[in-house]
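In the two assemblies presented below, chain A is common to both, partnered first by chain B and then by chain C.
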Partner chain A sequence: MKESLMEIIRCPMDKQELELEPIQESDDEVLEGRLVCTECGEEYPIEEGIPNLLPPDMRDDPPA
Partner chain B sequence: MGLDARRDRDRVYQPAEDSDLLATAAREAASSTDRVLDVGTGSGYVAHEVAETGARAIGVDPNPHACREARDHGIETVRGDLTAPFAPDSFDLVTFNPPYLPTDPDDEADDWMGVALSGGETGRAVIEPFLADVGRVLAPSGHVLLLVSSLSDIDVVRERAAAAGFEASAVAEDSFPFEKLLILRLDPV
Partner chain C sequence: MRDEPSRRDVRETYDRIGGHFSRTREHPWPAVERFIERADRVGTGLDLGCGNARHAEVMAGRAERVVGVDLSRSVLDAARERRREHGFAVELCQADATALPLATRSVGLAVYIAAVHHLPTRDARLASLDELARVLTPDGRALVSAWSTTHDRFDREEGFDTTVDWTLPGGETVARYYHIYDPAEFAADLERSRLDVERTFEERGNCYGVVAGRAEGKPT
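Entry: the complex of A and B
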(Lines of atoms letter the chains of each structure in order from A and count residues from 1; the text may use other names and numbers.)
(Lines give C-alpha, C1' and ligand atoms only; values in the text may rest on other atoms or scores of the structure.)
Protein backbone atom coordinates (compact mmCIF):
# COMPACT_ATOMS: atom_id res chain seq x y z
CA MET A 1 0.00 0.00 0.00
CA LYS A 2 1.04 3.59 -0.63
CA GLU A 3 1.66 5.71 2.45
CA SER A 4 -0.81 8.28 1.12
CA LEU A 5 -3.57 5.75 1.85
CA MET A 6 -3.10 6.56 5.56
CA GLU A 7 -5.18 9.74 5.07
CA ILE A 8 -8.29 7.77 4.20
CA ILE A 9 -8.07 4.48 6.11
CA ARG A 10 -9.30 4.12 9.68
CA CYS A 11 -9.79 1.40 12.29
CA PRO A 12 -12.95 -0.43 11.11
CA MET A 13 -14.08 -0.84 14.72
CA ASP A 14 -13.92 2.66 16.21
CA LYS A 15 -13.02 4.76 13.11
CA GLN A 16 -9.95 6.21 14.83
CA GLU A 17 -6.64 6.91 13.09
CA LEU A 18 -4.10 4.16 12.49
CA GLU A 19 -0.36 4.19 13.00
CA LEU A 20 1.81 2.63 10.29
CA GLU A 21 4.59 0.23 11.31
CA PRO A 22 6.37 -0.76 8.10
CA ILE A 23 8.42 -3.99 8.07
CA GLN A 24 9.28 -4.23 4.37
CA GLU A 25 9.07 -1.43 1.83
CA SER A 26 9.77 -1.15 -1.90
CA ASP A 27 9.71 1.91 -4.18
CA ASP A 28 6.74 3.91 -2.87
CA GLU A 29 4.90 1.07 -1.16
CA VAL A 30 4.73 -0.76 2.14
CA LEU A 31 4.72 -4.48 1.31
CA GLU A 32 4.71 -5.99 4.79
CA GLY A 33 3.89 -4.32 8.07
CA ARG A 34 1.24 -3.48 10.59
CA LEU A 35 -1.43 -0.86 11.15
CA VAL A 36 -2.20 -0.19 14.81
CA CYS A 37 -5.26 1.68 16.01
CA THR A 38 -4.21 4.76 18.01
CA GLU A 39 -7.29 4.34 20.22
CA CYS A 40 -8.12 0.64 20.80
CA GLY A 41 -4.69 -0.79 19.94
CA GLU A 42 -6.07 -3.42 17.54
CA GLU A 43 -3.43 -4.55 15.02
CA TYR A 44 -4.11 -5.01 11.32
CA PRO A 45 -1.56 -6.79 9.13
CA ILE A 46 -0.25 -5.55 5.78
CA GLU A 47 0.62 -8.57 3.61
CA GLU A 48 1.86 -8.56 0.01
CA GLY A 49 1.10 -4.84 -0.15
CA ILE A 50 -2.52 -5.24 0.93
CA PRO A 51 -3.71 -3.90 4.30
CA ASN A 52 -6.18 -6.28 5.97
CA LEU A 53 -8.69 -4.00 7.69
CA LEU A 54 -11.36 -6.62 8.28
CA PRO A 55 -12.60 -6.56 11.87
CA PRO A 56 -10.92 -9.39 13.84
CA ASP A 57 -14.11 -11.51 13.93
CA MET A 58 -14.33 -11.53 10.11
CA ARG A 59 -10.63 -12.19 9.68
CA ASP A 60 -10.55 -15.56 11.39
CA ASP A 61 -13.14 -17.59 9.54
CA PRO A 62 -12.65 -17.31 5.77
CA PRO A 63 -14.60 -19.49 3.36
CA ALA A 64 -12.59 -21.99 1.33
CA MET B 1 -3.81 -19.27 -18.32
CA GLY B 2 -1.64 -20.31 -15.35
CA LEU B 3 -2.88 -22.38 -12.46
CA ASP B 4 -3.25 -19.33 -10.19
CA ALA B 5 -5.33 -17.48 -12.78
CA ARG B 6 -7.56 -20.51 -13.28
CA ARG B 7 -8.02 -20.88 -9.55
CA ASP B 8 -8.92 -17.17 -9.30
CA ARG B 9 -11.72 -17.68 -11.84
CA ASP B 10 -13.40 -20.02 -9.35
CA ARG B 11 -12.95 -17.67 -6.39
CA VAL B 12 -13.18 -14.13 -7.80
CA TYR B 13 -16.22 -12.72 -9.62
CA GLN B 14 -15.20 -11.90 -13.18
CA PRO B 15 -16.58 -8.93 -15.17
CA ALA B 16 -20.05 -9.54 -16.65
CA GLU B 17 -22.94 -7.43 -18.05
CA ASP B 18 -23.57 -5.82 -14.66
CA SER B 19 -19.89 -4.83 -14.32
CA ASP B 20 -19.97 -3.23 -17.77
CA LEU B 21 -23.09 -1.22 -17.04
CA LEU B 22 -21.56 0.11 -13.80
CA ALA B 23 -18.14 0.74 -15.35
CA THR B 24 -19.67 2.82 -18.16
CA ALA B 25 -21.71 4.95 -15.74
CA ALA B 26 -18.70 5.33 -13.43
CA ARG B 27 -16.40 6.44 -16.26
CA GLU B 28 -18.92 9.11 -17.23
CA ALA B 29 -19.32 10.29 -13.62
CA ALA B 30 -15.65 10.42 -12.60
CA SER B 31 -13.23 13.25 -13.27
CA SER B 32 -9.45 13.31 -13.11
CA THR B 33 -9.26 14.98 -9.68
CA ASP B 34 -11.70 12.58 -8.01
CA ARG B 35 -10.98 10.01 -5.36
CA VAL B 36 -13.17 6.97 -6.04
CA LEU B 37 -13.93 3.90 -3.93
CA ASP B 38 -15.05 0.71 -5.68
CA VAL B 39 -16.75 -1.46 -3.08
CA GLY B 40 -16.61 -5.24 -3.65
CA THR B 41 -14.04 -4.59 -6.33
CA GLY B 42 -13.57 -8.29 -7.23
CA SER B 43 -11.19 -8.50 -10.18
CA GLY B 44 -10.78 -4.70 -10.04
CA TYR B 45 -12.52 -4.20 -13.41
CA VAL B 46 -14.73 -1.22 -12.49
CA ALA B 47 -11.93 0.45 -10.52
CA HIS B 48 -9.60 -0.02 -13.47
CA GLU B 49 -12.09 1.58 -15.89
CA VAL B 50 -12.57 4.52 -13.48
CA ALA B 51 -8.80 4.97 -13.20
CA GLU B 52 -8.68 5.50 -16.99
CA THR B 53 -10.24 8.94 -16.35
CA GLY B 54 -7.22 9.87 -14.23
CA ALA B 55 -9.20 9.54 -10.98
CA ARG B 56 -7.53 7.82 -8.03
CA ALA B 57 -9.47 4.56 -7.71
CA ILE B 58 -9.27 2.44 -4.57
CA GLY B 59 -10.81 -1.02 -4.32
CA VAL B 60 -12.11 -2.76 -1.21
CA ASP B 61 -13.14 -6.41 -0.94
CA PRO B 62 -13.36 -8.99 1.89
CA ASN B 63 -12.03 -11.73 -0.40
CA PRO B 64 -8.21 -12.04 -0.24
CA HIS B 65 -8.05 -13.60 -3.72
CA ALA B 66 -10.00 -10.66 -5.16
CA CYS B 67 -7.69 -8.20 -3.38
CA ARG B 68 -4.65 -9.87 -4.93
CA GLU B 69 -6.20 -9.96 -8.41
CA ALA B 70 -7.26 -6.28 -8.26
CA ARG B 71 -3.80 -5.31 -7.04
CA ASP B 72 -2.24 -7.29 -9.90
CA HIS B 73 -4.38 -5.09 -12.20
CA GLY B 74 -2.73 -2.02 -10.69
CA ILE B 75 -5.55 -1.06 -8.30
CA GLU B 76 -4.78 0.20 -4.79
CA THR B 77 -6.60 -2.37 -2.71
CA VAL B 78 -7.77 -2.68 0.88
CA ARG B 79 -9.14 -5.91 2.34
CA GLY B 80 -12.21 -4.87 4.28
CA ASP B 81 -15.94 -4.96 4.90
CA LEU B 82 -17.80 -2.44 2.69
CA THR B 83 -16.96 1.14 3.74
CA ALA B 84 -16.04 0.27 7.37
CA PRO B 85 -12.25 0.89 7.09
CA PHE B 86 -12.46 4.41 5.59
CA ALA B 87 -12.38 7.92 7.02
CA PRO B 88 -15.31 10.34 6.83
CA ASP B 89 -15.63 12.63 3.78
CA SER B 90 -13.03 10.65 1.80
CA PHE B 91 -14.60 9.95 -1.60
CA ASP B 92 -16.10 11.97 -4.47
CA LEU B 93 -17.64 8.82 -5.90
CA VAL B 94 -18.42 5.37 -4.46
CA THR B 95 -19.36 2.56 -6.85
CA PHE B 96 -20.82 -0.81 -5.84
CA ASN B 97 -21.91 -3.86 -7.82
CA PRO B 98 -23.26 -5.79 -4.83
CA PRO B 99 -24.08 -9.46 -4.31
CA TYR B 100 -27.81 -9.40 -5.07
CA LEU B 101 -29.04 -12.90 -5.89
CA PRO B 102 -31.82 -13.92 -3.50
CA THR B 103 -30.55 -17.03 -1.76
CA ASP B 104 -32.29 -19.78 0.19
CA PRO B 105 -31.16 -19.59 3.85
CA ASP B 106 -30.49 -23.35 3.74
CA ASP B 107 -28.10 -22.72 0.90
CA GLU B 108 -25.73 -20.36 2.74
CA ALA B 109 -22.68 -19.09 0.91
CA ASP B 110 -19.76 -21.26 1.98
CA ASP B 111 -17.14 -20.13 -0.51
CA TRP B 112 -15.90 -16.81 -1.87
CA MET B 113 -17.92 -17.03 -5.11
CA GLY B 114 -21.03 -17.55 -2.98
CA VAL B 115 -20.13 -14.46 -0.96
CA ALA B 116 -19.74 -12.47 -4.20
CA LEU B 117 -23.18 -13.49 -5.49
CA SER B 118 -25.49 -14.12 -2.56
CA GLY B 119 -27.71 -11.32 -1.27
CA GLY B 120 -29.48 -13.39 1.39
CA GLU B 121 -33.20 -14.19 1.34
CA THR B 122 -34.24 -10.75 0.01
CA GLY B 123 -31.21 -10.15 -2.22
CA ARG B 124 -30.58 -7.02 -0.11
CA ALA B 125 -28.58 -8.48 2.81
CA VAL B 126 -25.41 -6.65 1.71
CA ILE B 127 -27.05 -3.60 0.05
CA GLU B 128 -28.75 -2.55 3.30
CA PRO B 129 -25.64 -2.29 5.53
CA PHE B 130 -23.86 -0.59 2.60
CA LEU B 131 -26.57 2.10 2.44
CA ALA B 132 -26.37 2.58 6.21
CA ASP B 133 -22.66 3.56 6.20
CA VAL B 134 -21.77 4.90 2.73
CA GLY B 135 -22.94 8.47 3.48
CA ARG B 136 -20.25 8.72 6.15
CA VAL B 137 -17.35 8.28 3.70
CA LEU B 138 -18.73 10.53 0.94
CA ALA B 139 -17.21 13.99 0.46
CA PRO B 140 -19.80 16.79 0.76
CA SER B 141 -20.43 16.93 -2.99
CA GLY B 142 -19.93 13.19 -3.48
CA HIS B 143 -22.37 10.61 -4.77
CA VAL B 144 -22.88 6.86 -5.11
CA LEU B 145 -23.46 4.68 -8.17
CA LEU B 146 -25.18 1.46 -7.09
CA LEU B 147 -26.06 -1.40 -9.41
CA VAL B 148 -29.50 -2.81 -8.63
CA SER B 149 -31.29 -5.81 -10.13
CA SER B 150 -35.02 -6.40 -10.37
CA LEU B 151 -34.24 -9.69 -8.56
CA SER B 152 -33.66 -7.76 -5.31
CA ASP B 153 -36.70 -5.46 -5.81
CA ILE B 154 -35.67 -2.05 -7.13
CA ASP B 155 -38.54 -0.19 -5.41
CA VAL B 156 -37.54 -1.51 -2.00
CA VAL B 157 -33.89 -0.56 -2.63
CA ARG B 158 -35.09 2.97 -3.50
CA GLU B 159 -37.08 3.09 -0.24
CA ARG B 160 -34.05 1.93 1.77
CA ALA B 161 -31.87 4.54 0.04
CA ALA B 162 -34.38 7.28 0.87
CA ALA B 163 -34.46 6.09 4.51
CA ALA B 164 -30.64 6.33 4.58
CA GLY B 165 -30.88 9.97 3.42
CA PHE B 166 -30.35 9.71 -0.33
CA GLU B 167 -32.23 10.91 -3.36
CA ALA B 168 -32.12 8.14 -5.97
CA SER B 169 -32.27 8.54 -9.73
CA ALA B 170 -31.75 5.92 -12.44
CA VAL B 171 -28.88 6.86 -14.77
CA ALA B 172 -28.63 3.67 -16.87
CA GLU B 173 -30.51 0.44 -17.42
CA ASP B 174 -30.34 -2.79 -19.31
CA SER B 175 -32.81 -5.67 -19.64
CA PHE B 176 -32.13 -9.37 -19.81
CA PRO B 177 -34.52 -12.33 -20.12
CA PHE B 178 -34.62 -12.94 -16.36
CA GLU B 179 -33.76 -9.57 -14.84
CA LYS B 180 -33.55 -5.83 -15.34
CA LEU B 181 -30.38 -4.05 -14.23
CA LEU B 182 -30.35 -0.42 -13.17
CA ILE B 183 -27.67 2.01 -12.09
CA LEU B 184 -29.02 4.16 -9.27
CA ARG B 185 -27.26 7.43 -8.61
CA LEU B 186 -27.61 8.32 -4.92
CA ASP B 187 -27.13 11.92 -3.82
CA PRO B 188 -27.17 12.83 -0.12
CA VAL B 189 -30.25 15.00 0.54
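Entry: the complex of A and C
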Protein backbone atom coordinates (compact mmCIF):
# COMPACT_ATOMS: atom_id res chain seq x y z
CA MET A 1 0.00 0.00 0.00
CA LYS A 2 1.04 3.56 -0.61
CA GLU A 3 1.68 5.69 2.47
CA SER A 4 -0.77 8.27 1.13
CA LEU A 5 -3.58 5.79 1.82
CA MET A 6 -3.12 6.69 5.51
CA GLU A 7 -5.09 9.88 4.78
CA ILE A 8 -8.33 7.95 4.45
CA ILE A 9 -8.00 4.53 6.10
CA ARG A 10 -9.27 4.15 9.65
CA CYS A 11 -9.79 1.44 12.25
CA PRO A 12 -12.83 -0.57 11.09
CA MET A 13 -14.07 -0.87 14.67
CA ASP A 14 -13.98 2.68 16.06
CA LYS A 15 -13.11 4.67 12.88
CA GLN A 16 -10.14 6.31 14.60
CA GLU A 17 -6.83 7.08 12.91
CA LEU A 18 -4.21 4.40 12.41
CA GLU A 19 -0.48 4.55 12.94
CA LEU A 20 1.75 2.95 10.32
CA GLU A 21 4.59 0.70 11.47
CA PRO A 22 6.43 -0.33 8.31
CA ILE A 23 8.59 -3.45 8.37
CA GLN A 24 9.53 -3.68 4.68
CA GLU A 25 9.19 -0.95 2.05
CA SER A 26 10.05 -0.55 -1.61
CA ASP A 27 9.84 2.78 -3.47
CA ASP A 28 6.66 4.38 -2.12
CA GLU A 29 5.00 1.09 -1.17
CA VAL A 30 4.75 -0.54 2.23
CA LEU A 31 5.05 -4.27 1.56
CA GLU A 32 5.03 -5.62 5.09
CA GLY A 33 4.05 -3.89 8.28
CA ARG A 34 1.36 -3.13 10.79
CA LEU A 35 -1.40 -0.59 11.21
CA VAL A 36 -2.19 0.18 14.85
CA CYS A 37 -5.33 1.99 15.98
CA THR A 38 -4.39 5.14 17.90
CA GLU A 39 -7.50 4.71 20.07
CA CYS A 40 -8.16 1.00 20.77
CA GLY A 41 -4.66 -0.34 20.00
CA GLU A 42 -5.93 -3.08 17.66
CA GLU A 43 -3.24 -4.19 15.19
CA TYR A 44 -3.89 -4.87 11.52
CA PRO A 45 -1.26 -6.58 9.36
CA ILE A 46 0.00 -5.45 5.95
CA GLU A 47 1.06 -8.49 3.95
CA GLU A 48 2.57 -8.35 0.45
CA GLY A 49 1.40 -4.76 0.12
CA ILE A 50 -2.25 -5.34 1.04
CA PRO A 51 -3.54 -4.19 4.44
CA ASN A 52 -5.88 -6.59 6.22
CA LEU A 53 -8.43 -4.32 7.90
CA LEU A 54 -10.97 -7.04 8.63
CA PRO A 55 -12.49 -6.78 12.10
CA PRO A 56 -10.58 -9.11 14.45
CA ASP A 57 -13.41 -11.70 14.56
CA MET A 58 -13.36 -12.03 10.75
CA ARG A 59 -9.67 -12.94 10.52
CA ASP A 60 -8.23 -16.42 10.25
CA ASP A 61 -6.07 -16.21 13.33
CA PRO A 62 -7.86 -16.18 16.67
CA PRO A 63 -7.40 -12.94 18.63
CA ALA A 64 -4.31 -13.09 20.82
CA MET B 1 -23.32 -26.32 4.26
CA ARG B 2 -24.94 -24.79 7.33
CA ASP B 3 -28.31 -23.09 6.98
CA GLU B 4 -27.10 -19.71 8.18
CA PRO B 5 -23.81 -18.77 6.58
CA SER B 6 -21.80 -16.09 8.35
CA ARG B 7 -19.86 -13.28 6.69
CA ARG B 8 -16.79 -15.30 7.59
CA ASP B 9 -18.16 -18.23 5.57
CA VAL B 10 -18.63 -15.88 2.62
CA ARG B 11 -15.00 -14.82 2.93
CA GLU B 12 -13.83 -18.42 3.06
CA THR B 13 -15.90 -19.28 -0.03
CA TYR B 14 -14.23 -16.56 -2.08
CA ASP B 15 -10.81 -17.42 -0.72
CA ARG B 16 -11.39 -20.88 -2.22
CA ILE B 17 -12.76 -19.85 -5.61
CA GLY B 18 -11.17 -16.39 -5.94
CA GLY B 19 -8.53 -17.11 -8.58
CA HIS B 20 -10.78 -19.05 -10.93
CA PHE B 21 -13.74 -16.75 -10.24
CA SER B 22 -11.74 -13.66 -11.19
CA ARG B 23 -10.55 -15.11 -14.48
CA THR B 24 -14.19 -15.46 -15.53
CA ARG B 25 -15.03 -11.84 -14.71
CA GLU B 26 -13.13 -10.01 -17.41
CA HIS B 27 -15.40 -7.20 -18.55
CA PRO B 28 -16.93 -4.28 -16.65
CA TRP B 29 -20.71 -4.08 -16.72
CA PRO B 30 -22.22 -1.49 -19.13
CA ALA B 31 -24.43 0.12 -16.45
CA VAL B 32 -21.37 0.61 -14.26
CA GLU B 33 -19.28 2.05 -17.09
CA ARG B 34 -22.06 4.53 -17.92
CA PHE B 35 -22.36 5.61 -14.29
CA ILE B 36 -18.62 6.16 -13.88
CA GLU B 37 -18.10 7.85 -17.24
CA ARG B 38 -20.84 10.41 -16.51
CA ALA B 39 -19.52 11.20 -13.02
CA ASP B 40 -17.53 14.30 -12.15
CA ARG B 41 -13.87 13.81 -11.38
CA VAL B 42 -13.29 13.13 -7.68
CA GLY B 43 -10.44 12.79 -5.22
CA THR B 44 -11.18 9.30 -3.94
CA GLY B 45 -13.16 6.57 -5.69
CA LEU B 46 -14.22 3.34 -3.98
CA ASP B 47 -14.93 -0.06 -5.54
CA LEU B 48 -16.64 -1.93 -2.70
CA GLY B 49 -16.62 -5.69 -3.21
CA CYS B 50 -14.09 -5.04 -5.96
CA GLY B 51 -13.46 -8.62 -7.05
CA ASN B 52 -10.71 -8.51 -9.68
CA ALA B 53 -10.98 -4.67 -9.77
CA ARG B 54 -12.51 -4.51 -13.26
CA HIS B 55 -14.70 -1.58 -12.15
CA ALA B 56 -11.90 0.06 -10.18
CA GLU B 57 -10.00 0.03 -13.48
CA VAL B 58 -12.77 2.06 -15.15
CA MET B 59 -12.83 4.39 -12.16
CA ALA B 60 -9.09 5.02 -12.37
CA GLY B 61 -9.83 7.59 -15.08
CA ARG B 62 -12.30 9.47 -12.88
CA ALA B 63 -10.56 9.64 -9.50
CA GLU B 64 -7.15 10.72 -8.31
CA ARG B 65 -7.05 7.68 -6.06
CA VAL B 66 -9.14 4.49 -6.29
CA VAL B 67 -9.52 2.12 -3.37
CA GLY B 68 -10.62 -1.46 -4.05
CA VAL B 69 -12.07 -3.23 -1.03
CA ASP B 70 -12.88 -6.93 -0.84
CA LEU B 71 -13.51 -9.49 1.86
CA SER B 72 -11.34 -12.17 0.28
CA ARG B 73 -7.58 -12.18 0.11
CA SER B 74 -7.40 -14.54 -2.87
CA VAL B 75 -9.75 -12.26 -4.80
CA LEU B 76 -7.51 -9.29 -3.93
CA ASP B 77 -4.47 -11.22 -5.15
CA ALA B 78 -6.29 -11.61 -8.49
CA ALA B 79 -7.00 -7.85 -8.48
CA ARG B 80 -3.32 -7.14 -7.91
CA GLU B 81 -2.48 -9.38 -10.85
CA ARG B 82 -4.95 -7.53 -13.08
CA ARG B 83 -3.52 -4.17 -11.91
CA ARG B 84 -0.07 -5.34 -12.97
CA GLU B 85 -1.20 -6.76 -16.33
CA HIS B 86 -3.41 -3.80 -17.29
CA GLY B 87 -1.28 -1.07 -15.72
CA PHE B 88 -3.81 0.97 -13.75
CA ALA B 89 -3.63 2.40 -10.23
CA VAL B 90 -5.75 0.97 -7.42
CA GLU B 91 -5.07 0.69 -3.72
CA LEU B 92 -6.27 -2.70 -2.47
CA CYS B 93 -7.58 -3.31 1.00
CA GLN B 94 -9.10 -6.37 2.69
CA ALA B 95 -12.15 -5.37 4.70
CA ASP B 96 -15.74 -6.16 5.63
CA ALA B 97 -18.45 -4.02 3.97
CA THR B 98 -20.31 -3.74 7.29
CA ALA B 99 -17.24 -2.27 9.03
CA LEU B 100 -15.50 -0.11 6.43
CA PRO B 101 -11.98 1.02 7.40
CA LEU B 102 -12.42 4.41 5.73
CA ALA B 103 -12.82 7.92 7.08
CA THR B 104 -16.27 9.46 7.23
CA ARG B 105 -17.03 11.64 4.17
CA SER B 106 -13.87 10.63 2.32
CA VAL B 107 -15.26 9.09 -0.90
CA GLY B 108 -16.60 11.12 -3.82
CA LEU B 109 -17.60 8.26 -6.12
CA ALA B 110 -18.35 4.63 -5.29
CA VAL B 111 -19.63 1.45 -6.88
CA TYR B 112 -20.97 -1.47 -4.85
CA ILE B 113 -21.70 -3.99 -7.57
CA ALA B 114 -22.98 -7.55 -7.19
CA ALA B 115 -21.70 -7.80 -3.63
CA VAL B 116 -24.42 -6.74 -1.17
CA HIS B 117 -26.44 -9.83 -2.16
CA HIS B 118 -23.75 -12.06 -0.61
CA LEU B 119 -24.28 -10.68 2.90
CA PRO B 120 -26.29 -13.36 4.67
CA THR B 121 -28.64 -11.23 6.77
CA ARG B 122 -30.77 -8.19 6.03
CA ASP B 123 -29.22 -6.44 9.04
CA ALA B 124 -25.76 -6.94 7.54
CA ARG B 125 -26.92 -5.72 4.13
CA LEU B 126 -28.44 -2.59 5.67
CA ALA B 127 -25.33 -2.05 7.83
CA SER B 128 -23.18 -2.11 4.69
CA LEU B 129 -25.44 0.47 3.00
CA ASP B 130 -25.20 2.67 6.10
CA GLU B 131 -21.42 2.36 5.98
CA LEU B 132 -21.46 3.41 2.33
CA ALA B 133 -23.57 6.45 3.32
CA ARG B 134 -21.09 7.29 6.08
CA VAL B 135 -18.00 7.30 3.87
CA LEU B 136 -19.51 9.30 0.98
CA THR B 137 -18.80 13.01 0.85
CA PRO B 138 -21.88 15.30 1.05
CA ASP B 139 -21.98 15.50 -2.77
CA GLY B 140 -20.67 11.98 -3.27
CA ARG B 141 -22.62 9.45 -5.33
CA ALA B 142 -22.65 5.69 -5.64
CA LEU B 143 -24.11 2.94 -7.80
CA VAL B 144 -25.34 -0.16 -5.93
CA SER B 145 -26.44 -3.39 -7.62
CA ALA B 146 -27.79 -6.80 -6.63
CA TRP B 147 -28.99 -9.85 -8.49
CA SER B 148 -32.71 -9.56 -9.25
CA THR B 149 -35.68 -11.95 -9.31
CA THR B 150 -36.24 -10.58 -12.84
CA HIS B 151 -33.19 -12.54 -14.09
CA ASP B 152 -34.16 -15.32 -16.53
CA ARG B 153 -32.87 -18.10 -14.30
CA PHE B 154 -35.27 -17.28 -11.47
CA ASP B 155 -38.94 -18.11 -11.41
CA ARG B 156 -40.12 -16.13 -8.39
CA GLU B 157 -41.70 -12.74 -7.82
CA GLU B 158 -40.46 -12.04 -4.29
CA GLY B 159 -36.92 -11.83 -2.97
CA PHE B 160 -35.46 -15.03 -1.51
CA ASP B 161 -32.29 -16.63 -0.10
CA THR B 162 -30.50 -19.27 -2.14
CA THR B 163 -27.14 -20.81 -2.89
CA VAL B 164 -25.62 -21.04 -6.35
CA ASP B 165 -22.90 -23.58 -6.99
CA TRP B 166 -19.55 -22.50 -8.36
CA THR B 167 -17.71 -25.28 -10.21
CA LEU B 168 -13.93 -25.22 -9.93
CA PRO B 169 -11.81 -26.44 -12.87
CA GLY B 170 -11.35 -29.85 -11.18
CA GLY B 171 -15.12 -30.32 -11.01
CA GLU B 172 -15.48 -29.57 -7.31
CA THR B 173 -18.44 -27.35 -6.53
CA VAL B 174 -18.57 -24.60 -3.92
CA ALA B 175 -21.94 -23.21 -2.79
CA ARG B 176 -22.23 -19.44 -2.75
CA TYR B 177 -24.90 -17.67 -0.72
CA TYR B 178 -27.14 -15.09 -2.40
CA HIS B 179 -30.10 -13.04 -1.36
CA ILE B 180 -31.96 -12.51 -4.64
CA TYR B 181 -33.78 -9.19 -4.45
CA ASP B 182 -37.05 -8.31 -6.05
CA PRO B 183 -36.85 -4.74 -7.38
CA ALA B 184 -39.36 -3.28 -4.90
CA GLU B 185 -37.56 -4.89 -1.97
CA PHE B 186 -34.20 -3.60 -3.23
CA ALA B 187 -35.57 -0.04 -3.48
CA ALA B 188 -37.09 -0.38 0.00
CA ASP B 189 -33.79 -1.48 1.56
CA LEU B 190 -31.97 1.43 -0.07
CA GLU B 191 -34.65 3.80 1.27
CA ARG B 192 -34.42 2.29 4.70
CA SER B 193 -30.65 2.86 4.84
CA ARG B 194 -29.02 6.22 5.47
CA LEU B 195 -28.42 6.65 1.75
CA ASP B 196 -30.42 9.15 -0.29
CA VAL B 197 -31.89 7.33 -3.27
CA GLU B 198 -31.80 9.26 -6.55
CA ARG B 199 -33.29 6.54 -8.71
CA THR B 200 -33.52 2.78 -9.12
CA PHE B 201 -33.66 0.71 -12.30
CA GLU B 202 -33.41 -2.87 -13.49
CA GLU B 203 -31.05 -3.98 -16.26
CA ARG B 204 -30.00 -7.45 -17.46
CA GLY B 205 -31.40 -9.18 -14.42
CA ASN B 206 -29.87 -6.86 -11.86
CA CYS B 207 -31.42 -4.24 -9.58
CA TYR B 208 -29.53 -0.94 -9.53
CA GLY B 209 -29.75 2.13 -7.35
CA VAL B 210 -28.07 5.50 -7.85
CA VAL B 211 -27.59 6.84 -4.35
CA ALA B 212 -26.00 9.77 -2.54
CA GLY B 213 -24.51 10.28 0.88
CA ARG B 214 -26.51 11.34 3.85
CA ALA B 215 -28.24 14.66 3.29
CA GLU B 216 -28.09 17.28 6.02
CA GLY B 217 -30.88 16.81 8.50
CA LYS B 218 -31.65 13.19 7.69
CA PRO B 219 -31.74 11.29 10.99
CA THR B 220 -28.68 9.21 11.75
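Following the convention adopted for this analysis, the second predicted complex is superposed on the first by the 60 of 64 C-alpha atoms of A that agree within 3 Å, B and C clash if a C-alpha of one lies under 4 Å from a C-alpha of the other, contacts with A are read in each partner's own complex, and residues count from 1 in each chain.
Simple rule for what comes next: a residue touches a chain if its C-beta (ideal position, glycine included) is under 8 Å from a C-beta of that chain, and two chains touch if they have at least 3 such contacts.
None of these values were measured; they are calculated from a predicted model.
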Contacts of A:Lys2 with chain B and chain C, given as first, second, both or neither: both
Which superposed partner A:Lys15 touches (first chain B, second chain C, both, neither): both
Touching partner for A:Pro56 - first (chain B), second (chain C), both, neither: neither
Chain B/chain C common contact set on chain A: 1-2, 5, 7-12, 15, 49-55, 58
Of chain B, residues touching chain A in the complex: 35, 58, 62, 64, 67-68, 71, 76-81, 84-88, 90-91, 109-112, 114-115
Touching residues on chain C, where the partner in the complex is chain A: 7-8, 11, 44, 65, 67, 71, 73, 76-77, 80, 91-96, 99-104, 106-107
Chain A residues within the chain C interface of the complex: 1-2, 4-5, 7-13, 15, 44, 49-55, 57-58
Chain A to chain B touching residues, read off their complex: 1-2, 5, 7-12, 15, 48-55, 58, 62-64
